[in-house]
Amino acid sequence: MLNSILFSTGSDNFIEGLGSAVSGFLITFVVLILICFILYLFGKAFHKPTAETKAEEVKTEEIPAAPVEQAVTESAATDDAELVAAITAAVACCLGRSTDGFVVRSFRRIGKRRGR
Amino acid sequence: MNLIAMDFLSDLGDVLTRFVTESGFAAFFTGDGWKNLIMIAVACVCLYLAIGKKYEPLLLVPISVGMLLSNLPLAGMMNEVVLQELPENATVPDLYNIMTQYANGEMAQSNGLLRFFYNLKGIFPSLIFMGVGAMTDFGPLIANPKSLLLGAAAQLGIFVAFLGALALGWAFPNLGFDLNVAASIGIIGGADGPTAILTTTRLAPAYLAPIAVAAYSYMALVPVIQPPIMKALTTKEERLVRMDQLRPVSQKEKILFPIVVTILVILILPDTAPLIGMLMFGNLLKECLVTRQLADTASNALMYIVTIMLGTAVGASAEAQTFLTAQTLGILLLGVTAFAVSTAGGVLLGKIMCKLTGGKVNPLIGAAGVSAVPMAARVAQKVGSEEDPTNFLLMHAMGPNVAGVIGSAVVAGVFLKFLGG
Amino acid sequence: MNLIAMDFLSDLGDVLTRFVTESGFAAFFTGDGWKNLIMIAVACVCLYLAIGKKYEPLLLVPISVGMLLSNLPLAGMMNEVVLQELPENATVPDLYNIMTQYANGEMAQSNGLLRFFYNLKGIFPSLIFMGVGAMTDFGPLIANPKSLLLGAAAQLGIFVAFLGALALGWAFPNLGFDLNVAASIGIIGGADGPTAILTTTRLAPAYLAPIAVAAYSYMALVPVIQPPIMKALTTKEERLVRMDQLRPVSQKEKILFPIVVTILVILILPDTAPLIGMLMFGNLLKECLVTRQLADTASNALMYIVTIMLGTAVGASAEAQTFLTAQTLGILLLGVTAFAVSTAGGVLLGKIMCKLTGGKVNPLIGAAGVSAVPMAARVAQKVGSEEDPTNFLLMHAMGPNVAGVIGSAVVAGVFLKFLGG
Amino acid sequence: MLNSILFSTGSDNFIEGLGSAVSGFLITFVVLILICFILYLFGKAFHKPTAETKAEEVKTEEIPAAPVEQAVTESAATDDAELVAAITAAVACCLGRSTDGFVVRSFRRIGKRRGR
Amino acid sequence: MNLIAMDFLSDLGDVLTRFVTESGFAAFFTGDGWKNLIMIAVACVCLYLAIGKKYEPLLLVPISVGMLLSNLPLAGMMNEVVLQELPENATVPDLYNIMTQYANGEMAQSNGLLRFFYNLKGIFPSLIFMGVGAMTDFGPLIANPKSLLLGAAAQLGIFVAFLGALALGWAFPNLGFDLNVAASIGIIGGADGPTAILTTTRLAPAYLAPIAVAAYSYMALVPVIQPPIMKALTTKEERLVRMDQLRPVSQKEKILFPIVVTILVILILPDTAPLIGMLMFGNLLKECLVTRQLADTASNALMYIVTIMLGTAVGASAEAQTFLTAQTLGILLLGVTAFAVSTAGGVLLGKIMCKLTGGKVNPLIGAAGVSAVPMAARVAQKVGSEEDPTNFLLMHAMGPNVAGVIGSAVVAGVFLKFLGG
Amino acid sequence: MLNSILFSTGSDNFIEGLGSAVSGFLITFVVLILICFILYLFGKAFHKPTAETKAEEVKTEEIPAAPVEQAVTESAATDDAELVAAITAAVACCLGRSTDGFVVRSFRRIGKRRGR
């Protein structure tokens, strides 16, 4: 009886599935860790300015304008999430309430993204 | 002339008789017709969820209408293409003629509109993913690569539901939950509609409708499903953790990101190409800043056209004989399990990361790793702000959130590879 | 080297000779080529009507250009798909190879662009109806359900023209006006382009071009055809009737309306599904307020893409041998009859309703029941305001107007059912 | 002769067509009357407030804002016809002329609807 | 239970082994896999040109991504449709069954997404040309018909490159540059993407990718390639020529122009129909002013959807075995020659016209005859203003510029006619 | 040797191609000259008013408004090129510089047209 259960198609499937699941989860982690690793390289390659060098640059190259501009472009062109967060934060701060209620208005705007 | 009058009256009678006996109402009372009636009710319930409850209406409204139209008896919206009948003792030239007629669209009339869409279901998820890519900002992920780990951990539910489906299939062989069906069910836990639809299309097309309905319904239920799990698994201190501000991300990085991910992920898992390749293509169109028109079209006109067609086609595939079964119950049950376990997976890895970084990661953002962009990230924000209204986790949660999209596409690729989709 | 020079010159000569003998001009002088010349003239007249006279330009411009392009000799825009030639004594595997090539698009080059569109003609009317639904406000109809009776009465012309076509076919058997053709001609009186095209596509595709041209031309002529009939059939008192303001309609009603109509009408007449189903789907997308993007896409990008393709395809189907015949004259004649009788039908029931309600219904709004949204409603408004400039019938006429769309779709479903389209 | 005419395909078609036409017209009426009937039920179900109850509500629930909002949404989101009618009416009233000429401008806007 | 554990571990091992051996990385080391690696590098270079250097990004970004995706091993984005296998000793009914399955989309899953687009490549250039027409103002050409001569002269490079390709094919028979390939290469000199793609699709589809890449790259390089040639061939006096203001053009002329050109050109050269017919159709939609919505859709949503699909399909057709060859070098070389000679052709006829009109034509506008709208016209403006900043040639150069579009479409028609495309 | 080269497929192709090229170039000219000729007829048919008659019309028919309107429609509805040229010209005049630098901004706007 046990035999017939254990060696049915169902059990075969389960055992094979267990292998697939474990290795699949591993592979998923491997792939995402690889991307993670590459993004760390990105950070090193493209984001050298530390707090000190930045401070220096401010004096010499007037760089600070750039980040501001970039931030504006980002929030405007792509994801309103930052904007929403900022606004929500500001409003919530003022009123000392949960941000729950305020999200409604921004909801519709971001809602578009869910449209898959 | 009497004869003509009689003819006319008899014709009239025939016609009215046909009208009654061939109506859809009559069909409810023949054979399994009553099942269609239940399916119509199901479609109406789905419509209510989509419109009244605002559960992912962009997909659920078309799905519901597709389900409704294909289950109205005799409407023929899912009629298959019927080739000209093959004559008896047909020869090769006879068949060649039929082929020529087919190639010139002469049989297209027999094709139901929704069947036409359904036959294209293989390409639609990729096109939607292109549009999604053209709307997604990977900036928060690039700024905080650790997010990817959370995006991986939050795929746990997929594998648990996959094994759960296999276990159910083992316990109740009649369910017919084989490896392919189990994988399609599991992928519901990816919280990502197009990924679920593509995987199911390839592995278990008969279950397309229940799996799509479950996937989109649970995505809409993220604000209901996730918070209790998030609170149960975290301490108040953890929920109060404030995270460092994200570093600025340059446009160059945003442009390189989709290119690098495309090459790397597709080399490792070629089967992810239709998802990752198109997601990253759409994102490149957006981020490269010189193809604004293409990004706009991909994320608006094209994506919504495809959404209408895919939605109705998926809904239309909901036939009573596969939908009104114990399997659908199993799918709904396993789907919610998948969501819950994925949430737990993300939160638990978040806790570990919190420990390892000495309290620099708020575990709540792990829950956003399930995808369901941007709903899950907003849930993380909300649960966090319930403890401390001045703690803004939204941008930090967007990282795992978009990582979850990549994560579930990777899992889909793994399933397609292993199961030969 | 002399030889080469001679070769070159002889090649040059050959080439220039081919250029002249194979030009389209030469083709006018071989066989029935001169008929194409007439068709080109017809196309130019249609263009003039569309652009100069603004007769439904959105459809008539593409139809005219399609007619022009397909009748320019040798242009090949309507070339059919030609499969690789079947070898003599071909075996099943030979044919299998041809099929494989076809499936991989290798013969697609032989396919003319307009033929490609033409082969999709079966699905286009439904898609246009979806867009029309997404632009239609059924509010005035919901507020005043009596409108539906007027919308039904104004289908009278369809049946009269149908019988007229059969009578013509009886008198002149050479015309070949059988039941299917007669139904397609009658439906012109529905004053609804996509309905006419869908019905004709299913029942009598050879007459697609003249019927579509007639339908759209007469729709544009509504302000010319209707007023004399409306005035002849009504008294001054009737035209002066003021109607009560319409009750407000809640969003809930607007959402339920398309769902209920879909279910009810398709159950009664399953063959209306491609029209009523998609019209109401589009309307639901608009009214449910949560799928605004889909409604926008359905009524803009998608509808206009389909309009371009359907218009040119319909025009391109105008071959001289079917277009330049007595049938076309018959179609034009019966078409205008249908419009006139439909107008009369609407107005006459309006008069009856006026009597029955004790003068609460202005019979002019009955004329709007022919469809031709919103032109016919505006005609009712205009004729009414000629008697009394302060009498505003527009909103009251919108009810029968949109009811007329449903009415003619129902008639189309009846014809498709009876004649087995 | 008469026989051959009467019993030709043409006459058969005509007789069959007569049956189809009559029953078709009947069916059309039946279907639209059914919808009509349902819409009357709609009216009863969703449009209970009579003039009196409305007046009461005004005092207690401040409902009047809702209809206004709804009207705005309707005219904006859906069909401009109401708006056009109103404007045409207003202009025509002022000038005391036929509305014929004024329709032209609004024509283009509504014209879109005819694009089938 | 030991057995189960062993089973599990062995399964796990198998799975991980498969994962490594079946990854794309492994494929680089088998057979010609390394060529894919080079193609990926080529795709990245193209992406750099498109994004970093802004070389016609609207086309080059999709082309590059298509090239990338189709060369990532095993990604299968260009998989052909595979019909169900033919059983041994298959009979006609067996094949009929396979056909039925095909017709109902059951084999569609085996179809790669980019293959799906690729199979439609025959209709895309026409659709893009319709959009281009809907954006083009032929006013400057109507006002100054002489422009057409310049537009004709600037096609010289096409024929020179065509002969150059034949000469190369004569010298190096291994290149396989026959008449069809030579014509496709020559048409690069038309400086018009859709024309080049349509011609190549019909005559030499294997060379689609290198020819499209060359055509769009050189179009982007117009501001680099043209000025030296323009300066070398003209004197300072000629470059200083000021031209009379263009006469105003009435809307009537703008409406008649596309109709007349359609009829005339397609009658003379029927093979130009898919290009000239659709270009002029698009232009008519724009100029007739009553089909604004159709013109908008044709030049926005529809054109960009088609651009995405055509671009990726063209890029995906870049297989290593045809791309990484001496032919591609030859194509690039002949392409730039064609551009240079076309520029010279335009300028030289400009000089003659300058002489004949007694200095009323600035020869610089002849260079704009190569098409590449509006880049080439702007180059003419710029080179002219370098001599005299107050001399505004832009509008005068727009005439030859749009004439060049017609010119190269005519040449394409000539090639298709002569070579039987 | 010479023979084998001259009478290879390559040489045959080249000779045939020469014929095609010459006649092709001729045909191209013929077609475009025909269009040119028709456009001259257009000019005669639709553009009769010369400078003198125009001056007269100004006084009698108040036509000048039409061209202005038309110019506006043209530049707005279709091709911004005219506008760009005008603006560029104006700006360049004022500053007395090459127009090179100014084109950049308009570039993006017209750039759309290249999107084939």
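Letters are used for the chains, namely A, B, C, D, E and F, taken in the order the chains are written, and counting of residues starts over at 1 for each.
The rule is short, and it goes like this: contacts are C-beta pairs under 8 Å (C-beta built on N, C-alpha and C of every residue); 3 or more make two chains touch, one makes a residue touch a chain.
All values reported here derive from a predicted model rather than from experimental measurement.
Colleague: Between A-B and A-E, name the chain pair that shares the greater number of C-beta pairs in contact.
Modeller: A-B
Colleague: Compared with chain E, which chain's mean CA position is the farthest off?
Modeller: D
Colleague: Between chain A and chain C, tell me the centre distance in angstrom, where each centre is the average of that chain's C-alpha atoms.
Modeller: Computed from C-alpha means, the inter-chain centre distance equals 50 Å.
Colleague: If you average the CA atoms of chain B and of chain D, how many Å lie between those two points?
Modeller: Their C-alpha centroids are separated by 38 Å.
Colleague: Using the average of all C-alpha atoms in each chain as its centre, how far is it in Å between chain D and chain E?
Modeller: Roughly 50 Å separates the two chain centres.
Colleague: When the centre of a chain is set as the mean of its C-alpha atoms, what distance in Å lies between chain C and chain D?
Modeller: 21
Colleague: Taking each residue of chain E in turn, which ones touch at least two of the other chains?
Modeller: 15, 19, 58, 92, 95, 99, 268-269, 293, 300-301, 304, 307, 418
Colleague: Quick one: which residues in chain D touch 2 or more of the other chains?
Modeller: Residues 11, 16, 18, 20, 22, 27, 112, 115 of chain D each touch two or more of the other chains.
Colleague: Quick check: in the complex, which residue numbers of chain C touch chain D?
Modeller: 56, 58-59, 128-129, 131-132, 135-137, 139, 141-142, 145-146, 148-149, 151-152, 155-156, 159-160, 162-163, 166-167, 169-171, 173, 178-179, 182, 192-194, 219, 247-253, 256-257, 260-261, 264-265, 268-269, 286, 289, 303-304, 307, 372-375, 377-378, 381-382, 385-386, 389-390, 392, 394-395, 398, 403, 406-407, 410-411, 414-415, 418-419
Colleague: Mind pulling up the chain F residues that touch chain E in the complex?
Modeller: Of all residues in chain F, those touching chain E are 5, 8-11, 13-14, 16-18, 20-22, 24-25, 27-40, 42-43, 46-47, 67, 70-71, 74, 77-79, 81-82, 84-85, 88-89, 92-93, 96-100, 103, 107, 110, 112-116.
Colleague: For the complex, give me every residue of chain C touching chain F.
Modeller: Touching chain F from chain C are residues 4, 7-9, 11-12, 14-16, 19.
Colleague: Which residues of chain F touch chain C once you look at their complex with the stated criterion?
Modeller: Touch list, chain F to chain C: 6, 11, 15-16, 18-20, 22-23, 26-27.
Colleague: Once bound in the complex, which stretches of chain C touch chain E?
Modeller: Per the touch definition, chain C meets chain E at residues 15, 18-19, 22-25, 40, 44, 47, 50-51, 54, 57-58, 61-62, 65, 68-69, 72-77, 92-93, 95-96, 99-100, 103-105, 108-109, 111, 113, 116, 300-301, 304-305, 307-308, 312.
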